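Think of it as A, B and C in the order they're written, each chain with its own count starting at 1.
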Amino acid sequence: MSHRLPAPSAVFTALVFVFLYLPIGIVVLNSFNADEALLGWGGFTTQWYSQAFSNSRVRDDFVTSLQVALASTAISLVIAVTAGLWMRRASTRARRALDATTYMRIVLPEVVVALALFLVLRRYEIPLGVPAIVAGHVIFNSAYATLIIQARLATMTDVLEEAAADLGASPVRTFRRVTLPLLMPAVIVAALLTLSFSFDDVVTSLFLGGPNAETLPVLLLGLIRLHVTPEVNAIAVGVTAITMVTFGLAAAVMSIRDAAGVRTGQVDPATLEAEEAK
Amino acid sequence: MVSASRSPAVDPATDAPGRRRSWRVALLAPGLLWTLIFFVVPLVVMVVYSFGQIDIITFQTTFGWTLDNYRRLANDIYLHTILRSLEMSIGATIGCLLVGYPVAYTIARQKGRTQTLLLLGVMVPFWTSFVVRTYAWVNLLSNDGLVTRALRGLGLESDSSQLIYTPTAVTIGIVYTYLPLMVLPLYVALERIDPQLLQAASDLGAGWFGRFRRVVLPLSMPGVIAGCILVGVPATGEYVIPAILGGDKTLMYGNVVANQFLKVGDYPFGSALAVSLMLLVTGFLLITRGRLARAEEIT
Amino acid sequence: MSDRRNGRQAVTLRALSRRFGEFEAVKGIDLDIRDGEFFSLIGPSGCGKTTTLRMIAGLEIPTSGRVLVHDRDMTTVPAHRRPVNTVFQQFALFPHLNVFENVAFGLRERRVGKHEVRTRVGQMLEQVGLAGRERARPRELSGGQQQRVALARSLVLEPEVLLLDEPLGALDLKLRRQMQAVLKTLQRDIGITFVYVTHDQEEAFSMSDRVGIMNAGRLEQLGLPREVYHRPQTLFVADFVGASNRFAATVMERLGEGRFRADLGPLGITEIGGADTLETGAAAIAIVRPEAMEADGDQQLGISGEVVDVAYLGAQVQYTLDAGEHGRVIGLAPSEDDGGASEAPRRLTWPASRMWLVPG
């Protein structure tokens, strides 16, 4: 589908792009704006950033966010890989049941899922905090990770693992030497994605954090609701930078994989004809 | 038919070379346990709570099997909020559709490099923090914000009224945040349309609008439906955007539910609200899955 | 080469069966494969030959029956502990490893020392003609090269038996012929028992010492290619290994092992050879191969008809005659460059010695 653009749709698209980037652009701009009241441009400054960095609450929250992100990613990956491997030899009914629960974990509003967990914790007087937040993050993170790993496993035929067994590798050795290396790109993408989702999450972190555990987005939310200080812009840009890096890396890994064209034990017909033409 | 030398741990009816039952259970365990403990059980508990009653004085919950909580939903105040909430998500979904369709259409018509760059351009805002994206509009829509000033300049808004903390603001916020999720499935569907179909239509006498209405639009339906699901479903349960852009005046379903739990402490009623939301979403998905399947069949 | 158990059977299958739910893929196979022989298992798609091979490899567990390798019961031994190795149809080279590491894979599993690995892999690669390509990745290689890596990878482990599952299936014709010669020579040089699975009868015949024909899960016949071709025990085997003209017949008298007096209807009564299982009075089919037919000529038996088709195949010319109630008859004659002067024959003749009876 490609011919010359009719002008209206091109213009409209350009406008939409402005619409998409302008708001964030302004936040970035304001994070360097010396005018505290943000009425106009007051000159360039990095004081908001230094203020934010020296704020111990901001630093603590960053650490908390990091802890939560790393923990939930690690657990989610374990769940995704084991579930993906199990799926391969499972009956159709079992597979469909797993698919349904994976789907539900993504589709149900986060508010509902997080509050249900909140309810249970309150009822049994289990304290809220970092473990609770991690538990909540793993629910949706493991679902996304499962989808990614599953997609990769679907392209890997059994024959490579059979070959490994045939050559003397026990099931554990086969996993370590063949399955896992081939899964690695998908694992990396899944890890980057779940890190991003975790770092960026507000709802679950807010409800399950309780009085003791606060993540950076939750802090941001609070600051925004109360009053807008210029420091907020600096923190916002910082958080944005982090998620942009992780999402960007994920996208990069995904496209590198395609470019490298990893084959999974199948004959490449293109090279077939190339050499034999000699 | 089982000879004595066969290993009892392997089921001959399935295809599991050398793998024992215990391995498979070990593989299933982590995911299954986590899903059960932290997902299924809490939801079940919530459903049970929705049929319970709370004593406002002692905050003790008694578990009966009463539908009182659900009846309260029909109460004017809550019903109003719920309906307006739905209105906003539908409005936002339509907004995303109207804005996203032309963009997806334009991108689909590009080739190679340009196309990739444009797609990337649409995706990158999605990589920024959710909160930040929403917050960005606080600036623009506040009393001194650019957009407010622009609209006042154009005479569309009076000097006294505010854009922020209104349903409009929330809707704009949702459209802004979820736009990429609408553009992507639309792009995929539009990209798949065979250009030869359009040539054939043109050959048969259809002008631009005719081609669009009778070829492009119907064939892009799976993308439209997918986009509406991807935007509409999460939008219904939104919490952050109304919290930031709606202030205390414009609440959506998600905020109302959260309030019951976090502020009021009326767990049974909150549960009823949450369960209703769940049912709403599930019902909607079941309906649209049928539609989606049928639409995909045609293409 | 190490301890070849001479005289013992390399592979023994006893009443081997495999069932998938309701479907019986392999129905009770009894088979002995001799040490050092090139054995092929052939049959149409779905006949169970690959399943049988996989049961020898340990990639499938039999529903019943036993698998023995050099008289050791391997039936329940998992694949990674069996002294057999497989060359897969799609080569199954590990894409994340280079050629050297692919070939070294099994050696590393056995914790063989670095130096020895280098030596053995190097020798193996030379033997298959891939010396110098150690660092290449599988996707950079052609089909033929990938196949040789797969071979090297298995052979370097010095298995007691090498199993090959239609390894040439993905290659084009010319390459297949080359590789067939390579495999045959390789097997002779190394002396390992090869068990080869294919649906291509010619391929199997050209390389094998003995062949087994499988059909719908059963082993229909076992023997030398020559025996199977000229003395098929069933109609299926006869048709699978070559073309055959058929004539209805009845066994009048069993004269001895494999010899019968048969009533061939309009063709008369003659003494001909046939499958062992035929009894007196049995209904049978007498077959004659097209190449046994002579155009015109004055052999014992003959049939006349209208020429329906003449196909010039290159080395031979194929005549199809409509012989009325006998149906179509096909004859093959060597072709000559006579400018098309000779007429198509209206009669094909053959000696009774080239006829054969199978149960009908």
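We adopt the following convention: a contact is a pair of C-beta atoms (placed from the backbone, for glycine too) under 8 Å apart; a residue touches a chain by one contact, two chains touch by 3 or more.
These numbers come from a predicted model, not from an experiment.
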item: Far-end chain from subunit B, centres as C-alpha averages; value: C
item: Central chain of the complex, centres being mean CA coordinates; value: A
item: Comparison of A-B and A-C by number of C-beta pairs in contact, larger one; value: A-B
item: Gap in Å, rounded to a whole number, between the CA centres of subunit C and subunit B; value: 60
item: Cα-centroid distance, subunit A relative to subunit B, in whole angstrom; value: 17
item: Whole-Å separation of chain centres (CA-atom averages), subunit A against subunit C; value: 54
item: Residue numbers of subunit C (touch at least two other chains); value: 58-59, 78-80
item: Residues within subunit B bordering two or more other chains; value: 15, 17-18
item: Numbers and ranges of subunit A residues touching at least 2 other chains; value: 162, 165, 171
item: Partner subunit C, residues of subunit A touching it in the complex; value: 157, 159-160, 162-171, 173-174, 177-178, 181-182, 261-269, 271-272, 274-276
item: Touching residues on subunit A, where the partner in the complex is subunit B; value: 1-3, 5-6, 9-10, 12-13, 16-17, 19-24, 26-27, 30, 38-39, 75, 78-80, 82-83, 85-86, 89, 91, 98, 101, 105, 107-113, 115-120, 122-123, 135-136, 138-139, 142, 146, 162, 165, 171, 196, 200, 202-203, 207, 217, 220-221, 224-225, 228, 232, 236-237, 239-240, 242-244, 247-248, 251
item: Interface residues, subunit B side, partner subunit A - complex; value: 14-19, 23-24, 26-31, 34-35, 38-43, 45-46, 49, 99, 102-103, 105-111, 118, 120-133, 135-140, 142, 144, 146, 176, 179, 190-191, 193, 195, 198, 208, 233-234, 236-237, 239-240, 243-244, 254, 257-258, 261-262, 267, 270-271, 274, 277-278, 281-282, 285
item: Of subunit C, residues touching subunit A in the complex; value: 57-59, 78-81, 84-86, 88, 90-96, 105-106, 109-110, 138-146, 153-154, 157, 170-172, 174-175
